[in-house]
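Have a look at the structure below, then the notes.
First chain written, first letter: the chains are A, B, C and D, and each begins at residue 1.
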Amino acid sequence: MSFNTFGRSFRFTTWGESHGPAIGAVVDGCPPGIALSESDIQPWLDKRRPGTSRFTTQRQEPDQVRILSGVFEGLTTGTPISLMIENVDQRSKDYSEVAQAYRPGHADYAYDAKYGFRDYRGGGRSSARETASRVAAGAVARLVIPQVQITGYVSEIGGDAIDPANFNPTEIGNNPFFCPDAKAAARWEALVDAARKDGSSLGAVVECVATGVPAGWGAPLYAKLDSELAAACMGINAVKGVEIGDGFAAARLRGEQNADPMRPGNGHTPIFLANHAGGIAGGIATGQPIRVRVAFKPTSSILIPVETVTREGEATEIRTKGRHDPCVGIRGVPVVEAMVALVLADQKLLHRAQCG
Amino acid sequence: MSFNTFGRSFRFTTWGESHGPAIGAVVDGCPPGIALSESDIQPWLDKRRPGTSRFTTQRQEPDQVRILSGVFEGLTTGTPISLMIENVDQRSKDYSEVAQAYRPGHADYAYDAKYGFRDYRGGGRSSARETASRVAAGAVARLVIPQVQITGYVSEIGGDAIDPANFNPTEIGNNPFFCPDAKAAARWEALVDAARKDGSSLGAVVECVATGVPAGWGAPLYAKLDSELAAACMGINAVKGVEIGDGFAAARLRGEQNADPMRPGNGHTPIFLANHAGGIAGGIATGQPIRVRVAFKPTSSILIPVETVTREGEATEIRTKGRHDPCVGIRGVPVVEAMVALVLADQKLLHRAQCG
Amino acid sequence: MSFNTFGRSFRFTTWGESHGPAIGAVVDGCPPGIALSESDIQPWLDKRRPGTSRFTTQRQEPDQVRILSGVFEGLTTGTPISLMIENVDQRSKDYSEVAQAYRPGHADYAYDAKYGFRDYRGGGRSSARETASRVAAGAVARLVIPQVQITGYVSEIGGDAIDPANFNPTEIGNNPFFCPDAKAAARWEALVDAARKDGSSLGAVVECVATGVPAGWGAPLYAKLDSELAAACMGINAVKGVEIGDGFAAARLRGEQNADPMRPGNGHTPIFLANHAGGIAGGIATGQPIRVRVAFKPTSSILIPVETVTREGEATEIRTKGRHDPCVGIRGVPVVEAMVALVLADQKLLHRAQCG
Amino acid sequence: MSFNTFGRSFRFTTWGESHGPAIGAVVDGCPPGIALSESDIQPWLDKRRPGTSRFTTQRQEPDQVRILSGVFEGLTTGTPISLMIENVDQRSKDYSEVAQAYRPGHADYAYDAKYGFRDYRGGGRSSARETASRVAAGAVARLVIPQVQITGYVSEIGGDAIDPANFNPTEIGNNPFFCPDAKAAARWEALVDAARKDGSSLGAVVECVATGVPAGWGAPLYAKLDSELAAACMGINAVKGVEIGDGFAAARLRGEQNADPMRPGNGHTPIFLANHAGGIAGGIATGQPIRVRVAFKPTSSILIPVETVTREGEATEIRTKGRHDPCVGIRGVPVVEAMVALVLADQKLLHRAQCG
């Protein structure tokens, strides 16, 4: 079934296709009295916006957001906030090939198998364009959790990882890769350029850290903070893996190595001597930084021909012409940040409901 | 907030603590007319049951399940199925230490931070004992999806991985590790024994494959099949990472390497030449095997002392005496299988609702 | 909390305020492959549209709906359908009085008590204008249940009821009251005119009958068909009572009078000799016509002054100037019909999920 | 589909059949730190318990509740509270007639139409016995809203209404009808006795008043306080109508009669001069008493033969032998109270989530 709503208490519903007139999100459950205007949302959309460097798709979308409801005299009213972004650059091209043949790695075949047909223009609903709606909703979520600071960055492209010793948060905004390691950013420039020129694409790993999350947010079992983060991030286009804290590396540690020992801190709040757990224990925040790692596969749209079949089941080959991101993980950074913000805003309200 | 219900159409709610009189699950939304008795559930509980080898906790629980509702004359009626498992071996020990000091890696501090206090006996609600309820519910889910075959196994313990060349599914039931590689199983025996004797613990990776899932099950965005699987698996105790298909390895491939090319198959159903995607594209099943990998951290309960603090914020040290699994990932296999079954049963019904 | 989504499987979310730029609905879960264009929705909006007779508010709204997503080449795709209606006639008037004083019978005081402030322009989110979004969503729902025929009408205004002996469904469209009794319609003209001229308002009872609902739709307990209908109708502005079948009159019958005896019909389908139950037993449709009755209070906006208080808690008096419906129940007919359609579409999909 | 969970933030799930081994409820989302033991729940179950007078069914059920989880050292822990009530007096009788023929007014035919078959023993899941689970859950809900006082009573049996002039709340506990008018109670004794001796049954109207609900609880649209109350009460067995405040009578008032004028009160809290609205405006509590009226049809089980059909579609006649309530509305009082408590507890937590 189609489930286009995410969240339990702070919820959002997105709608829209790559080549329809517009896309949007309805944010429901936002507390009243929060100052909100388009200018609180636009910077995050600009961060995700396509066409800003040669390392992203050349589709030109201004991604101007409009608030259609839920705000009165500059403050949220507690009623649903409708956000709309018009699609501008839906290039009028010939989609007959994509209409007929299934692009490997894309949702084409799966949509046809599910629904019997699909909107093939630019991927329709399965296009990463939908993530602009998440970023817009995420910008509202950030205002609900002013105590939290969320920082995302790319830590690896095409298998080339940053050097933790070079980690410098101020570098993140200085290069088109959201890369905190200036040297890695320089290497990636060549790497991504080469892939782009080959008509190929690269995968990436995005990391996101949320500081300031109070101990106690979260839930013990099926809406666990880590479970919700996993659902949120695995729901982003092209994502194939999610780790909390040390993730798979924790599976190679011994118990005493993986423990996060505590020492007396301020009052009843301990100081943790390590953070293998990524700030979450038993589904509940411990007060340490929340750490999430997300694996993005290489963009499925490539110019290198791949064997495939037509809707009628006949053999063919396809090259995905047109505009695409050589490394879709790069623009994944603001999307991961948005999803983390949305989960945390939801958990803040849920915690307040139960624990006052 | 406490959310102890999982699923949208096929749903289950679990209840119970490690040291209460019983634990259980209520399964709601199960289709009518399915043959169901305790004997359909018990084998899966037996697979997860503690105390069956020296590589698992020595707590002795018969884990006998009772069906209290929802079945009439041997068939499900379409009404909620209440499953109950009595706790038998709640050893009467002295919990004063755990009551006072926070065990690192456990949910002790987080629960106190959230709720103000906690049931400290055996971890209370945060105990992995709760997973017996999931396994019981999962056994019902399996009956809803008879077309699907679900196979879980351990692929790595303490960093020692199986050799894919030795993969033999019939081996899985021949050793106490659910290990499909007989040679690895032999090595793990020594490995886990050594950790146990050291009072330490080991992490593990569990893999699960579901075959027979029809193309089309799943959903495009926020109840994506991969997103739901991620939430389900990340919601299991001690899990820190989830991958679908190649997962993080996909982030190191180029687009043409990661593509799953298609060739003509039977009618409109293509043959896939690879399965990097793990059987899911755009959140929807492609008809290929669904592949999930799950990272379990080493058991947090260890006999090696770790620095910690008391509830009053004073420095202390704790060794987790008592019975525990030296490698909690081993008994994670039936739990991962159950969660996969529960997600797939849910998605089957959801698909039927929308697409008839 | 704000919950602007209704439905479980066929869901819709509405947004928008009386005096914002637009209002709208996102319909999620609609099956794919259904022919849908604006022309399928517009007639129902026209039926509800204000300003069409002197018996409704004089606000002039064309209520032109736009489909922004979810339809491709004239067919629903299975993805969310975004519907938008621009607000045109937000008269620029002076709202300072309403901003300061609470209109009795309106949500003014309650909104302030909940949210700390409110969008006072035309009632903001609490305006009956929101029901246009429901009517638009309901038009989509009707297409999901082509086997069902839904007919609403006004059966009573200001205590003056129709005569069942005069019931003629073709009359419903012949008068501005959706009245199936031509004689009553003539009386109501004078009645409503008089109230309007007095600056007063009248209550009404709306009845709605759905035929063609197959036996079996519905659910036994907490999503009972009658319970869902009650929630749906009690959620409409100005509604204060809901009855299924004989409703309160059933409480005055004896068991043998209230029984709906059965006789053999076509195969296993019985013929019912009565329908006191209104087509629902145990929360599940019996195959008989579903009958719902809904009580609308008189419009709270009246020109007769009423005692009230200001936001600061001081005594004052208020007359609600401006445009309003002298009998809001009249335009309630298409809204009740829409809500019934939305509930039935949802229950159809839910039934399909569980019972195949 | 089967939906056996009610509530959004404070939720409960019920399970069990009339003639199974037990029935029960799982309460999820209850705040931590509330003192709770069986003795807080038992009195409410005793109030609903069958067999306490000749005016209720003669089934003898002790209805002893057990708390199986969620409470530690006398306090709720914030985790799910599992409540179980064993069935004791499932009389071993011959159900072959009910198995074969559909009892008019019961869910027999509808269940068969939905599920293909049914548990016919005592009505199975559709038995009013399920309401014991609601009463148990409702007892927990009451503890979440100590500021609220909930009082239910019967205001009408078989069309014979109480006289408001005789209303005396202390009378409610003095007669077997929960009747606040001693004279009416005396009349009802004869009335119900006569119906019982005739093998017939009577309908009733139950009223419920909740005082102390703070202005602001509730929600504006689809989880409106009135809408939730309507769903909750219409979901009770045998209920056919729900009114808030004046209900259908409001449809016969003029605007100025139906207005609830306000005068200055304590600070910003006004004094209302009337309460036609029943304490709810725009879906949100106004701080006045919440007033709900609920219509119960006469018990469908009667000894007077009624025409019906068999499962095979053949004509027959049925008399519902065995134990039954001559007026099911009487025992509806504690059930309505419980549902009101459950809705209010939920709305309290929801309000806290959004408005802090």
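Criterion: contacts are C-beta pairs under 8 Å (C-beta built on N, C-alpha and C of every residue); 3 or more make two chains touch, one makes a residue touch a chain.
Treat the numbers as computed from the prediction; the structure is a model and nothing was measured.
Participant: Of the chain pairs A-B and B-C, which one is connected by the greater count of C-beta contacts?
Facilitator: Answer to which pair has more contacts is A-B.
Participant: Taking CA centroids for every chain, report which one is farthest away from chain B.
Facilitator: C
Participant: Under the over-half criterion for shared residue numbers, do copies chain A and chain D use the same patch or different patches to meet?
Facilitator: Interface between chain A and chain D is built from largely the same residues.
Participant: Any idea how many Å lie between the Cα centroids of chain B and chain D?
Facilitator: 39
Participant: At what distance in angstrom does the C-alpha mean of chain C lie from that of chain B?
Facilitator: 46
Participant: When the centre of a chain is set as the mean of its C-alpha atoms, what distance in Å lies between chain A and chain B?
Facilitator: Taking the average C-alpha coordinate of chain A and of chain B, the gap between them is 26 Å.
Participant: Quick one: which residues in chain D touch 2 or more of the other chains?
Facilitator: Residue numbers touching two or more other chains: 1-5, 9, 14, 29-30, 32, 78-79, 114-116, 125, 220, 349-350, 353-355.
Participant: In the complex, go through chain B and note every residue touching chain D.
Facilitator: Those residues of chain B that touch chain D are 1-5, 9, 11, 13-17, 20-24, 26, 28-30, 32-33, 66, 68-70, 72, 75, 77-82, 114-119, 121, 124-125, 349.
Participant: Which of the residues in chain B come into contact with chain A in the complex?
Facilitator: Contacts found on chain B: 1-6, 8-9, 14, 102, 104-111, 113-116, 125-126, 130, 156, 158-159, 195, 200-205, 214-224, 226-235, 237, 239-248, 250-265, 267-270, 273, 276-278, 280-287, 295-302, 304, 306-309, 311-315, 329, 350-351, 353-355.
Participant: Which positions of chain B touch chain C when the two form their complex?
Facilitator: That would be residues 9, 29-32, 78-79, 220, 349-350, 352-356 of chain B.
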